[in-house]
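A single structure is presented below for examination.
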Amino acid sequence: MGKSRFEAFSDGVIAIIITIMVLELKVPHGESIEALAPLLPVFLSYVLSFIYLGIYWNNHHHMLHACHQVTGPMLWANLHLLFWLSLIPFATGWMGENHFAASPSALYGVVLLMAAIAFWILQQLIIASQGRDSLLSKAVGCDWKGKTSPVLYLIAIATAFWSQWISQGLYVLVALVWLVPDRRIEKILGSKET
Amino acid sequence: MGKSRFEAFSDGVIAIIITIMVLELKVPHGESIEALAPLLPVFLSYVLSFIYLGIYWNNHHHMLHACHQVTGPMLWANLHLLFWLSLIPFATGWMGENHFAASPSALYGVVLLMAAIAFWILQQLIIASQGRDSLLSKAVGCDWKGKTSPVLYLIAIATAFWSQWISQGLYVLVALVWLVPDRRIEKILGSKET
Amino acid sequence: MGKSRFEAFSDGVIAIIITIMVLELKVPHGESIEALAPLLPVFLSYVLSFIYLGIYWNNHHHMLHACHQVTGPMLWANLHLLFWLSLIPFATGWMGENHFAASPSALYGVVLLMAAIAFWILQQLIIASQGRDSLLSKAVGCDWKGKTSPVLYLIAIATAFWSQWISQGLYVLVALVWLVPDRRIEKILGSKET
Amino acid sequence: MGKSRFEAFSDGVIAIIITIMVLELKVPHGESIEALAPLLPVFLSYVLSFIYLGIYWNNHHHMLHACHQVTGPMLWANLHLLFWLSLIPFATGWMGENHFAASPSALYGVVLLMAAIAFWILQQLIIASQGRDSLLSKAVGCDWKGKTSPVLYLIAIATAFWSQWISQGLYVLVALVWLVPDRRIEKILGSKET
């Protein structure tokens, strides 16, 4: 089964998700700078989600780079991942319009958690299809980022009802952890080429 | 005529259709979890349509994998298929907002039926262009799924006006039937390579 | 300059245009079949525009198949074409919501006319870059379709203010003329391969 | 890391941005030509932004043509560029709906300025990864367009509060400067091939 079409479809969906999020930034009616003020939380939540989707695209890109064959279950695991990512614009819009209130902040965490689980499932399927000694398996290694993130999301969901700023802080923290470039796969691939 | 551009265009349209559906999930105004409750039927119909579009993309992917040359009629049969798929977000939104009422449930079935017919026409054109002994012809075989689905859609359309839950059940059933991975084409292709 | 990226970008834009048009089909509030009735003109104008965009994609596909090198002016001529195509959803929506009234019908013709001119400019640039004896030049030949269409659009624009049904008839006629598969380029390319 | 997927994702995002802008052109309710009049400023700002996005796509295309390897920082610099480009529809819509008022005109300049800076960062990363003697480095040369544009944007932002027509004139001027085809990279690449 063709990997390129699999990648192209994923890219297309992620590109659309990342772009339609901006439609939540509704053009304000006033013409003064002050008219923009109510949009600030929507804008900030847009920035956060843009970074998360960038991280997913980036990691998806890396993971498939180390994958050679796409199977039926992978197609569905990928659609499962895209499903949860497609809910990010909704969760982002709800969170932004309600100024990071408790329930929307918790829902945002739930969507991120489900996307993380979906990513993990896809990763396991790819590793399984390639064998434990495969490049990807080595590259992923102990996968501390992948294991820590869901835990932090769970804490963020729970604390959202107590203090939404802690939960927002956790979302930003996880994004920063992933933003630090993940050189694992690059390194392993690089070392093999050498 | 280039198969890759044909695939890329189809992927693009399906990726956009699958993603703009989420725009029907309008951000609610309240900030409590209860504000999400009225969205539940819209969400459920979104999940169902997401799976249907995933199935179409998957089957389209498989079918074209076994196709070597794209002709003019295939281009138009493909656009015909994409036309009916493009109506799925509308039918989904109408069905979800009206809590699976009779008429919207029937319309949903009509759109699925027309898409199934369009897919069958495209499949026949590809088989015809490749000969009865082609891989795709063998792979499709008796095509019981392709033959049963339209019948089930017809029953679902008819029963929608009597009990919409039977018709919803039939839509879910057809989706499940297709979700079971279709290894036919993979098998035939695999056996030939061996 | 890479032809594949040029094609991919054009495909992407056309795929999005063809799909966002369906957003004009707003989900009706009632749940009865009658609630769909006011949408009929919007639906019919959607079908017409879907066919026109399909024709453009198809012809664009064929034309670039016979093109070997993409130059700077071609990039801009292509963006010019995409600009006019991007106005089709707006013209379609206005025409559909006003039940094919005079002004919207005329505007629809203006957008089609400008797109036809933009396509002709792109075609001339490609032919010029490849020489008068090129495959595309022969394939296009006397280009009676390309020459007749703008004239028919002009008549349709003028008659829209007198009888919008004549102008709608002309739009359908031009679409039908183009729907008849254009085997010119295929034939010439085919004959050369032989 | 694959350059093709990097390009495809960028193309996808730019294609969607350029197309969803047209959604700001809301279908008017009246059916007379006069109903279009209030849309004129929205239309003009759409044309301007379409040209800017066309320029960015074009320059992005050229720049990557001279790039051979995509690194992690480039991926993020590219996402940073796409982020600012994704705000163009919002800035365009606000500017158009307020008939080029002062604040929206200034915000439009800010978004263009940030996009220009993001483009410059990406360009520097690519040049750095390829060495000062690389093709791209020579092709970019003194980069007077890239250096002048931010200065003109800054002037346009400042003058928007005094006279928005000067600032609009500057936006048009910068677009015209870039519209003049940038043959630098083509020339250098061409001369090397010779």
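Which chain is which? They are A, B, C and D, in the order written, and residues in each are numbered from 1.
Just so we're on the same page, contacts are C-beta pairs under 8 Å (C-beta built on N, C-alpha and C of every residue); 3 or more make two chains touch, one makes a residue touch a chain.
This one's a predicted model, so the numbers in the text were calculated from it and none came from an experiment.
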item: Distance in touch steps, counted as few as possible, from chain C out to chain D; value: 1
item: Label of the chain whose CA centroid is most distant from the centroid of chain B; value: D
item: Copy pair chain A, chain D: interface residue numbering same or different (half cut); value: different
item: For chain B paired with chain D, centre-to-centre distance based on mean C-alpha positions, whole Å; value: 37
item: Whole-Å gap between the CA centroids of chain B and chain C; value: 26
item: Contacts with 2+ other chains: residues of chain B; value: 8, 12, 16, 20, 23
item: Chain A - residues contacting chain D, complex; value: 7-8, 11-12, 14-16, 18-20, 22-23, 25, 27-29, 31-33, 35-36, 47, 50, 54, 57-58, 61-62, 65, 179, 181-183, 186
item: Residues of chain B that touch chain C when the two form their complex; value: 1-2, 5, 8-9, 12-13, 16-17, 20, 23-24, 72-73, 75-76, 79, 82-83, 86-87, 89-90, 93-94, 97-98, 101-104, 107
